[in-house]
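Two complexes are shown next, each including chain A; its partner changes from chain B in the first to chain C in the second.
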Partner chain A sequence: MGDPMSKRTERRPNEARRASALQWLLSIAVAAAIVGLLITLAVDERAIGSLQRGYASAANSVLRLLGHPTQIAGNVVGTGDFGITVVTACTGLFTTALYLVAVALFPTTWMRKLAGVGIGICGIAILNIIRLVSLYYVGVHWPAALDVVHQLVWQSLFIAFAIALWLLWAGRAAARRGAAR
Partner chain B sequence: MVASAEDPCTKLPDLWLPADGTTGLADGGVSVQTTTGDVCQGDEVVITVTVDNLSCGDAGPFDVTVYYDDITHVIGTQHLDGLPGCEYTTLTFVWDTDGVPVGEHEILACADTGGTVLELNEGNNCLTIDTDLLISPYAPLIEVDKTVTGETYEPGTIIRYEVTIWNDGCGDQEDNPGHEFSDVLPAGLSGTGYVTATSGTIDLLGDEIVWDGEIPAGGTVTLVYEAEVEGEPEDEVCNQGFFHWDSDGNGTNESLEGTNDPGTPIDDDPTCFTISVGPKPPGLSGTIDAPTLSEWGMILLSCLFALVFWMRVRRRVGAA
Partner chain C sequence: MTHGLPARVGRFVLVFLMALAALAALWSFAAPTYTRGIAALARPLFRLMESPNVTVLDVQGAETWIYRIVGEHEIAAFTWFDRYTFFAIVPLIALFVATPGLGWRRRIVRGLLGIGALSVAHVCYVVASVELAYAAMGLRTVGPLAARTLDGWQIAVRALWEAAPIAIWVALTYGAWKKVFAQLRNEERAEGTARASWIGALGALGWKKKEGTP
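Now for the complex of A and B:
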């Protein structure tokens, strides 16, 4: 028979590895669930329609606050002359999905992941509303610049924002975990 | 019962002055109400007046008077011993315009100005036979029109002024000391240097267009000059040129005539235009889709996420 203490110490790393592997598996499952949920949302007409109308309504409220006599008709926000149709690709769903997967897979506590999810969804949604409002302004006042602003400026900003937001969250989540140790 | 030609007419007479060219007067007669037209001051105007008795009743003695402008200015009066029923008569008046003010005058003729004939209708005894008979002085008489044209009136475009000067007087406008015509370009315009005149000498001095020359009696001169629009959109640009002329023929330009914009009903008013806004870029119509990311944007974002995720996790593993 061997020393029971040494058995205990041998078992601990194994348990830790098992726990870590379990957490990884769980994280991957959650990430897959997020992707599945967002795909379901994207293909469900009622659900994605509500999201589109929500963005159109939010952009319309901001534009009216800024003095523009815009109106919404379904998922279209604008005036009789010019408007923006909020289609699925305009909702930032893909960006949000990538961000959430990255949050879900990052090794940290579930509470911090939950905070990361909230920060990401709200941050990307707010940026998207700002984007829609600014594109309306550009479309009305500088139509010649619309393509550049839309294709170049806002895509770059969106990518940079999503990455920066995740890095910020991941940095803080890692630091707290380190501090907790 | 049928009336015969010999039946005596018991109606009152009715004198009137039928409009020039009216037919159906007695014996196929035609009414003549004319003047010989515009003259120089002091020349004679011959005025022809036709008086008709519309009724079968004979008219007794009466006067026919011709006036200019109103009944206080008598040109002449002729006395008729009478006018039988249905008959007419044509009278000629000679008007010496010496001392008559220069300018346009209205000629009015009236029958029975003394009111001696009792008529069926007393309200048709007068007729205006000329409304704009012009008496010109034996000196220049200047009228000036000024128009502006341009394809657009946007900032940076060229507009063209055309000034037409008429000497309606009976004397020549000489090239007297000083500029005969001057026009200061207002703020918002800058002369391009393009200036032409059908006679005389035109020049651009700073922001002022000036012209020197003579205009014979009855003659005209046309000036054309261009300017560049420099003002702000929606500003109204107005200006008026002035012609300095010799109204008394003494060799000095003591009178001033402002240009008139013939496009308005006001006399001698400035010529104006409003600077228009440049053409807007064609506005977007309809609606656009504005996806957050294109396909390449999505690929780039995926790659970047994978990269930073790997780096971040690697750093954590290294730290552990």
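Now for the complex of A and C:
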């Protein structure tokens, strides 16, 4: 017969390991659900069309605030001379999904993950509107550079922004976990 | 709280953007060679996927043109991949350059592994997107389930192409970031301990004063 106290202390790490494995599996399931949701959203013409029109409308509002007589027609924003079309790739959907998957997989509490989701969706959406407005400016004033700014500069800035946002959130979540111990 | 975090992330972003600017300038010279390499790897994969092989790849500068054999000694342009299709290799290298806590040897080895993995992803992207386009246009027969979910597959391939550089970088630098997060946790814990001992000291001081008062 062994000491019952030592048995109890032996069980605790196992239980903790089991709980951690369960949370990890749940996080993977949530991440997979996010990917599934993204694909469903991107395939559904009504849903993706609404998102495209939403971004076009937001960019149009900002441009009008800045004094440009732009009009919106479906997912196209512009004047008679120049316009930008918001397609699926311009919605930041893939970057948002990647960020959300990274948040879902990071080991922290679900409340902190929820906060991370909110910060990410809002942050990436705001950056995307800035991107659309800036592309309009580049297209009007510097059309030769539009391709490079669209494909290279903004693609890289989006990567940098999403990673920085995630690192700030994950670093804070990791530090809070340290403070709580 | 976590005072070092914004500075660390800021430094990472700054190094990333600087490396990116330098590498982007070099990319215009390297792009045609990289594109030729991807096409060379994609050709046997097309031969493996198609029976008979109907796809012909032609690299013009940094653009990849896809032709389809439509008759005897007759080909027709089908689609093309622009010069930015494989640009993600540049932000991937910049991410490795900017990652903190990696020694230079490890950085180079992991960077090379990352480039290799992204090249495989690029080859698969070219082949998969062309084959899915054939299926969508009825030029290739697929099963009823695949036909119903074709849009989803096309979106998934596109999403994987966009996510590949970041996913590869995360997978290869996870250990380094784990160390950074552990360091942040320790700093926060040490800060908490220091705060607690200050509070304790102040409490003890207050108790002594109370005791001394008549």
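Keep this in mind: the second predicted complex is superposed on the first by the 181 of 181 C-alpha atoms of A that agree within 3 Å, B and C clash if a C-alpha of one lies under 4 Å from a C-alpha of the other, contacts with A are read in each partner's own complex, and residues count from 1 in each chain.
The rule we apply is simple: a residue touches a chain if its C-beta (ideal position, glycine included) is under 8 Å from a C-beta of that chain, and two chains touch if they have at least 3 such contacts.
In this text the structure is predicted, and so the values were computed from the model without any measurement.
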Do chain B and chain C fit side by side on chain A in the superposed arrangement, or is it a clash? clash
Which partner does A:Leu38 reach: the first (chain B), the second (chain C), both, or neither? second
Quick check on the superposed pair: does A:Ala102 touch chain B, chain C, both, or neither? Answer first, second, both or neither. both
Applying the touch criterion given at the start, work out whether A:Ala170 contacts chain B, chain C, both or neither, answering first, second, both or neither. both
Of the two partners chain B and chain C, more of chain A gets touched by chain B
Could you look at A:Gln155 and tell me whether it touches chain B, chain C, both or neither (first, second, both, neither)? both
Partner chain in contact with A:Val87 - chain B first, chain C second, else both or neither: first
A:Tyr137 in the overlay: touching chain B, chain C, both, or neither? Say first, second, both or neither. neither
Listed stretches 165-173, 183-191 or 201-209 of chain C, narrowed to the one that overlaps chain B: 165-173
Overlap of the chain B and chain C interfaces on chain A comprises residues 89, 94-95, 98, 102, 151, 155, 159, 162-163, 167, 170-171, 174, 178
Note which residues of chain B are touching chain A in the complex, please. 281-294, 297-298, 300-302, 304-305, 308-309, 312-313, 316, 319
Footprint of chain C on chain A - complex, ascending: 35, 38-40, 42-43, 88-89, 94-95, 97-98, 102, 147, 151-152, 155-156, 159-160, 162-164, 167-168, 170-172, 174-179, 181
With touch defined as at the start, can you tell me which chain C residues reach chain A in the complex? 1-2, 5-6, 8-9, 12-13, 16-17, 20, 24, 82, 84, 87-88, 90-91, 94-95, 151-152, 155-156, 158-159, 162-163, 165-167, 170, 177, 180-182, 184-189, 191-192
Would you pull the chain A residues touching chain B in the complex into a rising list? 76, 78, 81-85, 87, 89-92, 94-95, 98-99, 101-102, 105-107, 128, 131-132, 135, 139-140, 143-144, 146, 150-151, 154-155, 158-159, 162-163, 166-167, 170-171, 174, 178
